[in-house]
Each structure stands twice: as C-alpha cells, then as structure tokens.
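Order of writing sets the chain letters: A, B, C, D, E and F. Residues in each chain are counted from 1.
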Amino acid sequence: MTDSSTESFTLVITGAPYSSQAPQTALGFAQAAVNAGHHIDRVFLYGDGVHLASALCAPPSDETNWSEEWSRFLTDHSIPSVACIASALRRGLINEVEQKRYELPAANLRAPFEIAGLGEWVEGRIKSTRTLYFHAGD
Amino acid sequence: MSTLIMIDQPPYGAWSGREALDMAFSLAAFDQPASLLFTGAGVNWLRQAQEASGIGQKSVEKNLSAAPIFGIEAILADRAACNTYSLDESSLIEGVTLVDVKTALLTGYHHTAFAG
Amino acid sequence: MTAIQTLHILNKSPDHPRAARCLEIMSAEDGLLLIGGGVLLLATGNLPGAGKVFALSPDVDARGLRQLTGDASVVDFPEMVALSLQAQRVISW
Amino acid sequence: MTDSSTESFTLVITGAPYSSQAPQTALGFAQAAVNAGHHIDRVFLYGDGVHLASALCAPPSDETNWSEEWSRFLTDHSIPSVACIASALRRGLINEVEQKRYELPAANLRAPFEIAGLGEWVEGRIKSTRTLYFHAGD
Amino acid sequence: MSTLIMIDQPPYGAWSGREALDMAFSLAAFDQPASLLFTGAGVNWLRQAQEASGIGQKSVEKNLSAAPIFGIEAILADRAACNTYSLDESSLIEGVTLVDVKTALLTGYHHTAFAG
Amino acid sequence: MTAIQTLHILNKSPDHPRAARCLEIMSAEDGLLLIGGGVLLLATGNLPGAGKVFALSPDVDARGLRQLTGDASVVDFPEMVALSLQAQRVISW
C-alpha cells in the first residue's frame, strides 16, 4: 500500500463543534484526502460529535459555522454522513422520522446528515483502508 | 480485523464509557472480533457492587457480565491502574484479565479505538 | 460542625490534572467535598492529610466505594447544601 | 450566617446531560436546597450546559430525561432559568425570537428556559448568598 | 465581591477558555472587580504571536491586551506552569503577572470560578 | 519516508492523562503525530526519545510554537493523510 494509489477512509468524529476542535481538524483531513484522490466512504458522528449535524447553530458572523462547512463539503463530494442514533436521540439531534415517533416539537438535523446505527461504523471499519477518529481534546 | 476498544474515562461522570461498550457489542453483533481494555480511571467500571440507581443511572455490571455471551473476546484491565484504585481479584467483577499495557499488547490488534 | 474556610468541591477523578491542583492548594482549614468521579480519590487511599474530607453518598454508592471511605464523612445532598453555606467560600473544581 | 436561616443560591451548570453528570448532581442539590427552605434565585446554563435546555432529547424510556426533570422542577418552584445566549447560539439551542432573527428552520428551547446574556449570571452572583458551579467531570 | 476566574484548559482545543474570558469581561462591564488566573496548560493562552487563522479561529491576544482597558484588574499566571511550557517574560504577552498558586492567593478573592 | 509501525495521533495537552499513556506505549518503530492541543508537548521540550515526531502545521502556528518545534517535523494535512496510510495502524488518542 503506497500513498500514491487510491485509498479509502471512514472518519469518526466524537467531539462537538465549539466545545472541541475535532470537526475542524477532521474537515482539514477530509479535504486533503479528497484532494489527494482518495475516497471517503463515510463520516460517522458519535457521542458529542452528533452536535455537528445540528441545523440550528448560529455562531457570530465572524466565526466559522462548522456544521455548514461540513454540510457543503459532504454534499459537494457526495459523501454519506451518519449520526449515531443512540447518541443523537439522547442529545436532542432529531430528524423528521424521529420527531414523529417521539412526538417532539421540532426536527433539527441538517442535510445531508442521516441518522442510523453503529452498524454503519462497523461497515465503514471493515470496508475502508483506514478508520480515523477525531476526539475532543482537553 | 480484531479491534481493541479502550476505556480510560471513569464511570458515570461521562457517557463515553457506555458508548465504548456499545461499540464493542456492535462489532460482536456483526461477527467482528472485539476486546475491551480498561486503563487509568476507566478500570473503575470493573468494580463489583456498583449501585447507580441513586444517581439515576444503570450500572454496567450486567452488560459486562454478558459480554462473553455476546461474543466479546476479552475484558482486559491495566494491572497498574487496578493497583492505583485498590482493585484486585476480590473486588473486580468476574471475567476480567489483568494485563500490562505495553506496545506488544496493542500490536496484537488491527484496530484500536476510544469512544471519545 | 466546625468552621470551614474554603469548601473545595471536586468532581474530577484523581487522573485529572485539576484534581492534583485542588489537593495542592487545599489547606488545613479547608474542606474537600468529593462528588461525581471525584469520589474515586477514596479508592486510591491518598486522601489529603490536612482538612476535612466529605464524599457525596449517591456517588460513593454508584462507584461501589462504600467499604473504602476511610476517614472521609459520607454526606447526602441536604448536608452538601449545609456545607456550602457553612464554608466562607466554595470553589467548584 | 447559619444553615437554619433562609439563604439563596445561583446555580451555574456547564456540563451537558449524557456527556456529564452535572445536570443530575445540580438537580439533587437544588431539590435539597428548596426542601431546606432556601431560595434558588436562578439557574444559569453556560457552555455545554445549554444542551440541558433542549426540547428534543429522547433518551431510551428506561433512562432519565434530565431536561424534562429539570423543566418540571423549575416550573414547580417558579425558578428563573437562563441559557447563556452566546453559548446557546453557537451550540444550536434556539428560541423563536432567535429562529426568526437568524432565519433558522426550527426552535428547540424547552420551557421554562429562556435565553439571555451573562449579565444574568453577574446579577445572580451579586444577589445570591452562594453561586455554585456544576461542571463536566472527566 | 472580587472574583477570580481560573483557566486551566489549553487554547483552541476547547471553547471554555474563551468562555472564561467572557465571564471576566462581563463582570468588569458590570463594575464588579475581576481577575484572571491561568494555570496548567491554560498558561498557553498567554504566549505571544499566536496565529490561529489556519484553524479557523481568532487568537485571543487582542482581547487579553484590552483586558485592563475593560477593567480587568489583573492577569495572573502560574509560575510553575509557565516554566513547564517554556514561557518567560520574553515569550509572554504584556501585562501578565507571574504568581505562585497557593492557598493565600485564592483566599484574597470572594469568589473563584472556572468556566467549565 | 521510512516505515512506521503504529502512528499515534495525539490531540491532548501534556497535562492530560491520555497523553502520558500514549507516550509510555510508543515504541522506536512508531510515529507520533501531534495535533490540536497535543502540539503543546513541543513547548515542554519532553519529546519522546525514540520514534519519529510530527506536528500539524496549523496547530503549531495557532499556539505560537513555530520556534519550539525542536526535532519534530512540521507537517500539513496532505502529509497527515499520507502518514496515516503509510503506518501499519493508526491510534487516535
């Protein structure tokens, strides 16, 4: 395996925007991987990382909106992105299906993020050349 | 494609220990070899007789006892950390193997991950 | 109860750098109240030599440490409220 | 000052539910304070603590819903509760006013929580006998 | 009613350092005496020439320089932590006072708080 | 570039207990890539004696550490991608 051939990645983000640097470092990595001709099989949000999929973040206008940046990148490159359902429901990240099921007043999941189980992570882990994790720091 | 899930955060204060367990159980459910390694303050997940109802949570003792049934290959605990936290065979839950956490331990796995 | 100058409320495990700083700064006139993961200090046997030590009951039980409380007094929430008022100041680490 | 007279508290919660024990410990403290006849001037959510004000948390049915529990307690005792506006907007906690201002697809703030500035914390800190903080652990 | 805001988390990786600054500035805005104490990895907020644009953030150097103007009484830094992280008068931003963090330092304040 | 057995990606400051564990376990055949708050290890001067050390450029600059990189190689994101593929395994601490 050399770095000149096409390889594939699953990226797992476990740190939230604005309380960690994880989404931002992961985005820098993902952009570089795509630019190098590699493939990103999927992005999996786990634990506090699910907050990256919020449609409701409104940081000050002179700060980066990491949810928006990630959303654009995923859409531009047609990369599947999944927030873990167990992490998301506990932390209040909800799509329309879950909104109906739990009779909640709203949905707040940003496209193109989807909600699914840990099986997506397991599948990525098997399929991709490398599965990398982007955790919160301290 | 064996995976080692590492847990170094203490129980109950954060959710990441539980989320690490979920990762290991998911691997096992998809027939992927998985083991758990508890280090640092994380070894405290392995103490007998945790009564978490008073803090509105469930103890994970039952989940960990069921680990072999669900196909988790091993529950490993860092010997030095167990010493630090007064954990020995009489106070650890059943089925835990004490290990010295060295380079060689990790190179035995294809993949090593924390939950957070 | 005796007067407490500063009540240090510690919810970090002994592995966390903030726990070490809290213990370093604590004086003999102070009280230390262990809550959350902070109660794991009981398991290490390294309680501070000076100052009174308290540990929050539901957190002690959750972590299975009832037999390891040593010289610490196990307190409930009403006692935690009283301690926080009794002390001249409170620092939540 | 003795613990038999009526004293007052401002409680600051900086740890999120499901990623910290802070909301749960703070609730135990608040209930004991009220039962002892003390007054809680206000509850202030800061940093990741603002997630406690989410209306969309849907934990498994055998787990405590800390947002719901807190909401009930605050309502029962008419305690003012405020999520810091700067923390809330960055982290996607939005009421209807902010939804309109930032043209966002939904609002997700749970009643009786309100959104306001750090001045509320400063005021509580001056007014209350004690201001206590409930942080995330490790 | 003087308040000491403590910062022990390193810059940029988490938001709590910025949130601690906001707390101090708010106190000052309401004419409440406030000082900042940087300890542990938190002292790294005080290094000169931080260029955070490459990670999509703003450095706080300007905010800290403006602290006295906005009424913050003192910016204190733990001497031992500065030594650990190779920070001295030549590399620290202006206006920082080195202190030894001992009991006596904290008892000089009515209120001491972390942002998270 | 030479072969790397395990690439340890560390984003915790030297104060964090996970940083100590990462450094303890690292062998001479391994690589250490400092990112985020992990780059603060450069300021302590306590780089591991064995194994190659890398530090992510934007994180080094954010923390003002460009003059303190010592024996570490400063890398950009494309090099981080290459390193992660080159190593036999990657651990994100």
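As a working rule, contacts are C-beta pairs under 8 Å (C-beta built on N, C-alpha and C of every residue); 3 or more make two chains touch, one makes a residue touch a chain.
Because the structure is predicted, anything quoted here is derived from the model rather than measured.
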Touching both chain C and chain F (chains): B, E
Path length in steps (a step moves to a chain that is touched) from chain D to chain E: 1
Interface with more contacting C-beta pairs, comparing C-D to B-F: C-D
Cα-centroid distance, chain A relative to chain E, in whole angstrom: 33
Between chain E and chain B, distance of the C-alpha-averaged centres to the nearest whole Å: 38
Rounded Å distance, chain A centre to chain C centre (Cα mean): 39
Contacts with 2+ other chains: residues of chain A: 18-19, 21, 25, 47-48, 63, 86, 90, 133, 135-138
Where chain C touches two or more other chains, by residue: 11, 13, 15-17, 36-37, 58-59, 92-93
Where chain B touches two or more other chains at once, by residue number: 8, 10, 12-13, 15-16, 40-41, 55, 57, 111, 113-114
Chain-level touch network, classified as line, ring, star, complete or other: other
In contact (per the touch rule at the top): chain pairs: A-B, A-D, A-E, A-F, B-C, B-D, B-F, C-D, C-E, C-F, D-E, E-F
Interfacial residue positions of chain D with respect to chain C in the complex: 1-3, 7, 21-22, 25, 28-29, 31-33, 35-36, 38, 129-130, 132-135, 137-138
Interfacial residue positions of chain A with respect to chain E in the complex: 18-21, 24-25, 62-64, 66, 136-138
Partner chain E, residues of chain C touching it in the complex: 5-6, 17-18, 21, 24-27, 30, 89, 91-93
For the chain C and chain F complex, residues of the former touching the latter: 15-17
Interfacial residue positions of chain B with respect to chain C in the complex: 8, 10-13, 40-41, 44, 47-52, 54-55, 57, 59, 84-87, 91
